[in-house]
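What follows is subunit A paired twice: with subunit B in the first complex and subunit C in the second.
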Partner chain A sequence: MNILLLLKNEALKLVKKTRAWLGPILIFILIMVAFPLTIELTSNNLSDAFYPVLFISILLVMMLATEGIFLEDYEDGTLELFLISKKSLSQWVFLKIFMHWLLIGVPISLLGAFFNLGANNDLSSSLMIFPALLIATYIFLILFCFGNSLSLTKGSALGTLITLPLTLPILVILGKLNTAIIFNINYFEFLILIFGVLSIIIFAFPAIISRIIKTHLE
Partner chain B sequence: MESSYLIEANNLAYKINEVKLFTNFSFSLKAGEALHIKGSNGSGKSTLIRILCGITPSSKGKVYKKDELVFSYLGHKNALKTYLSVRDNISLLGLSDHEGLESLLSLLDLSEKLDVIVANLSFGQQKKVALLRIFLTGADLILLDEPFVGLDSNSHDLLCKFLEKKLHAGSGLIYTSHIPTGIRSKDITLD
Partner chain C sequence: MLREILIIVIKKFIHQFASPKTYFYQVNRLYPWLLYISISIYISAIIWGLFFTPKDFVQGHSYRIIYFHVPASFVAQSLYAAMAISSAVFLIWRVKLAAYLARSIAPVGAMVTFIALVSGSIWGIPTWGTWWEWDARITSTLILFIMYLGLISLHNSFNNFDKADKLFSYLAIIGFVQIPIIKKSVDWWSSLHQPASITISDKPSIDPSMLYPLFMAMIGFAGLVACIVILSSKVQIYIREKNKNWVKDYV
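Entry: the complex of A and B
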């Protein structure tokens, strides 16, 4: 089974399960639309509070997007077949996360940049926040997938609780990035920093997750 | 392991939470032979099949397989996506272009069900879709865990004929079944 077939399979499974990808996107839109209604509508207040709300909502939405990400394949026996096929389980985990990012993370990053335009009325900051959101959504997806794999048979809440502390450093960096965008200083340094985090975990975590899933199957 | 053997198990044992399911289980299987694993519920038949597949590690003993042995396995779980159509499930397996697909679909009475969502099929029909994978893969060794459960008499006979044909062609077969099959096989009972 080649990589293209695996990717096609994951895309087919995700696209046909509308609530799995549309649900998180709709919730993100709902938060972004509802948040300006809950504060006093002066443009200063709105732009000050926008980034923290954006980052926290991305965190929550990615958490929702990964809920039960491996459970279905575990319960219906797909993972067992994959294991005996001698194909790389970590490659499958990598592709599954990538497909979730493509169908959920990328649209949310685009929407985040779009809502930034609405909140700050500034195209350059939207262009700056977009790559940061692309990276952050991928990192959050990987971390929550790790949590989900840990609590594969125990429900996703436990895994999320375990993983949540791992997301805090990323939120701190995103907070710094927020300041960097506002004052237009050190933006690329912080962008490279979160890209560095992503480049480490993007291959390491699928290998760890596949090992955890294998243990569950045994 | 002798070169003519497809698979050989030596002194396999499995215990779960210090409860022994089976101990000192040994057998060997040559091409064209079938092994029927019998035993009461909870005796460890499914676990044994999973050990032979390499999914579950045994507590003791070793399984030797012929180099580059291709095997197919159907357990209690059908590995079907119930929210997808039969056609989509077949394409997930990468079998859409298989030359024998059309004839098998009609043989299994599934031609009319290609665009039906799997969740709307009966248990037996779902089992037939899962069996397609076994029918279409050219495996040297077939491992089946209760494959006849849920099948009507026609499908039962069809599966038996197919398995006998595969045995005749030189494949090996290991299966568990509470339903009499008529397949000529060595019997091993787990107690």
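Entry: the complex of A and C
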């Protein structure tokens, strides 16, 4: 019940802030709509460039989605209340990230698979890219949350600067996944690899982030 | 009984050496020795490597930049590992000297990584015909350089040293994940960069006439970088302990 209440609260807080919730999704749509305009209208070029643009735009949108994710809670005293009330801060961080993924990451993954259909005219590749996008959006969200927790009061630019290098190995795996989808080889190996990364950081990072937030509050 | 005595001796040694004051005076004594020995070893290695080793069958004389590039790359990664270990020591045992050391390694690490990137780029022209290639090893080393800069930026953005040290340590430990990726990048991805010539498990693929001066160059270069880390750590101690009487007396 407590967890459900926390989830509901986080969902309400996020939905109320249209800029934080709908903004990243709309920006993603705009990028994906705008990028074909910059390429010659030959379908080969479009499909070649599609996956790199998709992955980079997801990275940027997740960065925007986590901008100041803990700042409001820090400024209005929510985080201090958590600390005083002896409730698990890492559980709250986990739920907050999960809710962001549910409301931003999942729609963007769906849209990414939909745009893939438009760019490649291939349903099977869309079905293959969808789970990869679900996992990648969650990983990016967690990593950017980590960066934002480090630079809590110092602006999101610093958080981005220190987090982007950590996201690059994931981009490399996604690049390999792109090749795997195109040639239909080793797809599940790469999918399992990024799922493995997610399964580690999904539990480790909320604990680390909560330690970092406690450091800010000391 | 012996075990307990050993633990007490180790604890006493760590406790004493973990004091910035003891460290400061100990490295002051060590520094000139380390500097002169490292310079001698490195200059000997360079002379040996440049004038007394045969030229490479494929690369000709251009391979001789190996005596500069390889030590720099090796030390760049080792410094990050040292920084991550120091950070862990600080977070676990609250040894503040470890935090000073971690912070003092960051700018030196950035400098050495930059040297590795530039020397690699210069080597790339005669070997690959290009200054830069978006290859796994080179790109991951560039990421390491950015990582060092990010760590420095993070620490500099906080006035409270204790908070800055803790946040810096968290990031340094998490960022350590890059080091095995850089190390194994040439094996995991098909890359223009050659695979490692010297490994722990296999016989080196490099000829002994080139290998021995390379080992010497690595030791000498590491010693020189250690000297710079010592200087950098002394600066950190001056900044952090400026209100302590022993620093005032020393100055």
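Keep this in mind: the second predicted complex is superposed on the first by the 217 of 218 C-alpha atoms of A that agree within 3 Å, B and C clash if a C-alpha of one lies under 4 Å from a C-alpha of the other, contacts with A are read in each partner's own complex, and residues count from 1 in each chain.
Everything below uses one rule, namely that a residue touches a chain if its C-beta (ideal position, glycine included) is under 8 Å from a C-beta of that chain, and two chains touch if they have at least 3 such contacts.
If you're wondering where the values come from, they're calculated on a predicted model, not measured in any experiment.
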Clash-or-fit label for the pair subunit B, subunit C on subunit A: fit
First (subunit B), second (subunit C), both or neither touched by A:K13: first
Touched partner set for A:L123, first subunit B, second subunit C, both or neither: neither
Touched partner set for A:P165, first subunit B, second subunit C, both or neither: second
Subunit B versus subunit C as contact partner of A:K154, first or second or both or neither: second
Touched partner set for A:E75, first subunit B, second subunit C, both or neither: first
Partner chain in contact with A:L83 - subunit B first, subunit C second, else both or neither: first
Cα-centre angle that subunit B and subunit C span when viewed from subunit A, reported as a multiple of 10 degrees: 90
Partner chain in contact with A:E218 - subunit B first, subunit C second, else both or neither: both
Subunit B versus subunit C - smallest C-alpha distance in the overlay, whole Å: 8
Footprint overlap on subunit A, where subunit B in one structure and subunit C in the other make contact: 218
Subunit C-facing residues of subunit A, complex: 146, 150-151, 154, 158, 161-162, 164-166, 168-169, 172, 208, 211-212, 215-216, 218
Residue numbers on subunit C that touch subunit A, as the complex places them: 136, 139-140, 143-144, 146-147, 149-151, 153-154, 157-158, 163, 166-167, 170-171, 174-175, 177-178, 181, 189
Subunit A - residues contacting subunit B, complex: 1, 5, 9, 12-13, 16-17, 72, 75-78, 80-81, 83-84, 217-218
Subunit A-facing residues of subunit B, complex: 50, 53-57, 71, 73, 75-84, 88, 91-92, 94
